[in-house]
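Just passing along the structure, written as structure tokens.
Lettered A, B, C and D in written order, each chain numbered from 1.
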Amino acid sequence: MSKGARAAFVVVGFAIALALVVYGVVGWLLHKPPTISAQPSSTPGVVNVTMQVDGAVGTGPHPSWVGYRVQNASGQWIQTTIIQLPAHSDVHFTVYQYDSGSGFRNPVWDQVAGTVGGVAYLNGKSATYFNDQVGNGIGHSFNVPALGINVPFAGVNGNASNFCNAGPCTMSQLHNTITFDIKTGNPGMYRWQCFVPCGLGFLNGNGGPMTTVGYMGGFLKVVA
Amino acid sequence: MSEITEDRPAVDEEQLYHEAALGSLWWGSRISIALTITAFGGLVFAYFYLRSLNSHGLWDPHHQTASVLLGSLILACVLGSAIVQSVGARRLRSGSTIDWLVGGFVALGLGVLAGGFQIWELTRLNFFPGASGYGGVFVAFAPVYSIIILLHMYWLETLLVRLVRNRAVLDGDGGVGISRQPKAENFRANLEGFTYAWNALSIMSILFFVLFYVL
Amino acid sequence: MAIDYSKATGTGSSSGAPGGGGGGLLRPSIITGIIGGVIGWLLGHWIGNSFTQGYQQVQGSGSNDIAEFMGYIFMIIGWFAGLGALNYPIQKLFGVEAEAEEPVTEKGWTKYFRYTLDHKTVGVQYLFGMLVYFFTAGLLALAIRTELLSPTYHIWSPDTYIEIVGEHGTMMMMMMTSVVLGPFGNYVVPLMIGSKRVAFPRLEALSFWFTPISYFILLSGLWQGGFQSGWTGYAPLSVQQGVGQDTYILGFGLQGLSMVCASTNIVATIINYRAPGMSWSRLPVMGWSMLSLGFTMILSIPVLIDGLYVLALDRTAQTSLLYSGHGGSSFLWENLFWFFGHPEVYLLAIPGFGLVAEIIPVFARKPIFAYKTSAAGFIGLAILSFFVWQHHLFQSGMNPDMRPLFMLTTELISIPTGFIYLVGMGTLWRARIRLTTPMLFMLGVYFNFLFGGLTGVYVSDVPINVTVHGSFFVMAHFHYTIMGGVIFAFFGAIYYWTPLVTGYQLSEKLGKIHFWTMIIFFNSTFLPLFAVGLLGMPRRVFEYAHRLQFLNQWVSISAYLLGASLLFFAVTFVWQLAVTRKPTVRNPWGSRSLEWYVESYPPPAYNFKRVPVVLSWPYEYGDPNALPVADIVNETKDLDPVGRA
Amino acid sequence: MSQNALDDSRSVEATRKAIPKLIAVWIVTSLIGSLLVWFVLGPHLPPGTMTDQAAGAQFDIRFVSTLVPPVLFFIWIFFGYSLVKWRVKPGEDPLAPAADFRGNSKTQGAWYIITTVLVLFLAAFGTYFLVVPAGAGGGEGPSPIWTPKTKNMLQVQVIAQQWRFTYRWPQFGGMETTSIYLPVNTEIQFNVTSLDVIHDFWAYQLGVKADANPDVNNVAFTKTQQLGRFTVRCDELCGVWHGAMYNYGYVVSQAQFQQWATQMEAQNAAVTKLLPKYATTYTPSYAGNGGGYYPPQDPNANL
């Protein structure tokens, strides 16, 4: 082989290696769930976030996992857990909870905390805590450590005939509606997670969807 | 300095590498014993560690053990195989090739039986694997034990079939156990390594029997 | 007068050896290996899926570890069947006896893509394999540093980030354990001891061919959700993870098997295949280091495989050895893992020291200082390394009363480490020092390891360990010992032995550029991390205190520059070997070691025309009247060569 | 040629003359270095002096750091001198033999003895400063043997779970809080445990670090002595949010602490009733909260 041909081989080899690396990074590693912004409301200074929690998201690589969907500006339910919020404003959360419930691993998360007035509304009724050992237990919870927010979402009856088996779920299916308000502070990335062991089939219920962003944990992206 | 090069002592390369191969067989078989001991060592450590910790009182709350009958059979097969093979190998050294062949095939049968029993036992446990610490350690131990027994039987089988196929070459000169031919010496070194390894495993088997079925 | 020793040993093979069949694509090679692997995976995955249909845990989680394991195990079998590695064991089952010479005379570049029994081919395969693994894991390190440019803004999703961290750690730790033993232990040590062959060429070849599949399996974890447990894989987190954790278990386990095979071979070779006259007191220190390394691997790696196996059972058969809720204990994993894991770091250090002690005398023109002490140092490290594992668990709450004892054993290990410094310093005293590229790298090892060793005192001291355990301080400490030690030695060894291995001389100028950029940016990357750790930054985090941002950015930028230096090496190295190809002079460094006195560079098949008789110690640089190292030294060719560096 | 090559610079006499000078340089530089470390760097070394244990750790780090310059300069001066002095000069035959010097029993013996003594001293030093300050803030397992003399310590249970710390206060009605306030000048016993995987409670400024193991209590002691804020971080990889598992705590005056605790007790009263009874380990109920990984029958139940 001539020197030129060998040089060409080397250059092509390095180019292929580079292409593989770029493909790996762009095609796989940079993957993130989409970001959905809060929607403006009729009250000035208040924005709305509407979410649903599905017992099974029904789409994507893990259709049987539990997960959140957030409603975007055109009313579509997008499966994600990254929500963009304006800084220093009131955010009104409406959560449609379609999943059945269980207990917390640590019942301290029964307490509602960090919301406006320290309360959350379950189907319109206010409460400062929800007992995870009664009724259908707790389906999921919304916990933002850095903002001190904790809201448990009561579960629904998993044996009901109109139980939602796969997302996106619709309003005619059995659900609980939980509403609460929070005040955002300075801009930043605030991570949030669920504390109910809802990663079914994983040890302690904390694997799978619990450890994957886009299902049971994500960020509140507070921007100026 | 060129005189050094010419005055070099005569090196019988064939002999040199023959002896190196014998040495390698010695070391290879001893290393295999070391690997077996350390591999089981980790599991025996797990046994004693979990037994002494007894988390949540769940080491063995219901005093379940795997089938003692099968366990005894496995131990009997392994010990029988090791004894028959050792006696056969001793007879081989005194010149009777056929004795070792017979003993070797019997030992092979017993060993394969032991490995098979071990797998069979695993399929008919009266507890689920995560039921207790004991259950976990036993489920971990049984496949390793079975595989290591079968690997030793593979070794024995290759020795047996090698002798059968090359009887004419190996068995000259007064029998493979006595012959000074390099090939026969090599065969004996290999057999000796196997005997040590298999006997070592059979001694370990007594410990395993005590741990898993008696204690 | 090359003899056919395979007849004599009776372990040789012709028909069983790969390459025995016809030509073309179907001849066993990496291609048939890949085909076999794909078929195996499909088969295994299908079997695994079909018998786990009704398993409650599989249905709930939507992830099937049993199918994952079955797929990969069949893939491994298919891979080795395709490579032709299984032919010989199967033929042995039928008593087909090897008669002809082993095919180590194969020519051409395609032999590097085959399962071959020539230790030199395996060494070259290892060299390039190790470089690929090292660069892959290095890129993952740059991905980590990219995330840490900002304390709050995230480049990667947090799950991706922690998976990258785990991949980087696991790949570096498991692959780099063979970084010296693989390329140089296999290639050079048989030449050094004057042998025509190794003891177990099949084990040696097998040990290499475990590594590509282990690399592939481990890397495949990244597109299956990865594993979030880091390279230490602490249970029960590792029991909780998805199928990505299975790639960790299999990848690490295969690499463990590879190391067991490689060390069995090297131990048997050094003990049995030394040339006449190569007594224990003349064995090159590299040989001593490989021997200590081999024994340490043999005694520690089965315990790692046990641990991984137990973890695999907890994940598939649902045993509960590592889960305290059902009678197991998470401490069990910590014990099994670190019982291997601490010897592991000495598995990385010992060969690095071996290279240093081997190469420095050549460029000092002096006998190695305190030869016996150096051998004692390796053996001491090897033995003591088995008695220190609990120092990783000082804050774990496990056996807290044993901490003073483990603090003592840990600090005792600085005594044999100190031996290596004594040897190096004594050798330099009144020497005639040439600062060639390999020598610079070896001196770099001493420079870097000093920081690693001194900070080792901090981490081993239990009261200080309270502050530094699990922080970037520890992370910087072991990067100084491993990357600053064995990786620097590895690159030095590449510059040192490339003329022998390829017949081409590498440019000193380019080598020195590589050395100086690498050592500067290495220190600039890891030295600030000691401060970062002391200031309270834990390892493996994606968010950290704002006040540490400047230091972290400094480190990240240095890491990019370090990466650029390594890229510079990769490009110039490949370019010089493939394109410019400057032929080397004979024995370019003026070494007395036996490997340089072979007929030609690269050495011919079977290394030596006839077995050399060793006449003197290889380090007789100080005595002009000493006999040449062996009777094959050719007066006209070897003793007055021209144009050496 | 070889005799010629052993020029003056490599002779025994020349090197003997150099040794005292090298030692003098070493002593001076080490002294300067060590004094700088002890007096200039020392007081600023982490982790500060917020507690007895942190101050102890600072002293240990300061002391060991003071020993670093002598070792560092010894090696550097040696290597620097050798490389400069004995580097091959232009015109010299680079391959000519240097000194035929293979060992020196006095040097080797001295090296072995000095390193051994140093190492044994360090081990003794470490042991003393581990045992005397009651485990030096490190995790000491469920039944610590090195304990403070104080009888009535403030008990704080640290409960780690994926991925937050909570704190339980058995002396305050068994309440559980997500924040942590500590009174100053108080001996504190942390009981660290986990609900799921292995975490690690690292209260940096308090000089406390203890692994949180599932079903195991890991005790660590500290005595607060300064007011201020401290950071709590998880220091054992625990999964996806490991990097975000942190919170801040405060050491406050004893009166402020009482006020905070009383207020928290009242605020959490309803949920405190729902918590399991206080125990040093904390195992979530087997039935519903395990995620269904293991088969549903409780292994503790009689068959």
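Just so we're on the same page, a residue touches a chain if its C-beta (ideal position, glycine included) is under 8 Å from a C-beta of that chain, and two chains touch if they have at least 3 such contacts.
What you see is a predicted model, and the numbers here were worked out from it, not measured in a lab.
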item: Chain whose average C-alpha position is farthest from chain D's own; value: B
item: B-C or A-C, whichever has more C-beta pairs in contact; value: B-C
item: Distance between chain centroids, defined by C-alpha means - chain B, chain C (Å); value: 30
item: CA centroid of chain A to CA centroid of chain B, Å; value: 56
item: Whole-Å gap separating chain A and chain C, where each centre is the average of the chain's CA atoms; value: 42
item: For chain B paired with chain D, centre-to-centre distance based on mean C-alpha positions, whole Å; value: 46
item: Chain B, residues touching no fewer than two other chains; value: 55-56, 58, 61, 128, 130-132
item: Residue numbers of chain A (touch at least two other chains); value: 191, 199-204, 206-207, 211-213
item: Overlap residues in chain D, where contacts from two or more other chains coincide; value: 196-197, 215, 239-241, 244, 283, 290, 292-295, 299
item: In contact (per the touch rule at the top): chain pairs; value: A-C, A-D, B-C, B-D, C-D
item: For the chain D and chain B complex, residues of the former touching the latter; value: 215, 283, 294-295, 299-300, 302-303
item: Residue ranges of chain C in contact with chain B within the complex; value: 1, 3, 5, 8-11, 92-97, 195-197, 199-200, 260, 264, 267-269, 271-273, 276, 298-303, 305-307, 309-310, 313-314, 317-321, 323-329, 331-332, 335-336, 339, 610-611, 613, 615, 627-628, 631-635, 639
item: Chain D contact footprint on chain A (complex, rising order); value: 102-108, 110-111, 113, 128-129, 131-133, 137, 143, 145, 148, 150, 191, 193, 195, 197-207, 210-213, 217
item: Chain C partner contacts - residues on chain A that touch it in the complex; value: 3, 6-7, 9-10, 13-14, 21, 24-25, 28-33, 62-65, 188-189, 191, 199-204, 206-208, 211-214
item: In the complex, chain B residues that touch chain D; value: 55-58, 61-62, 128, 130-132
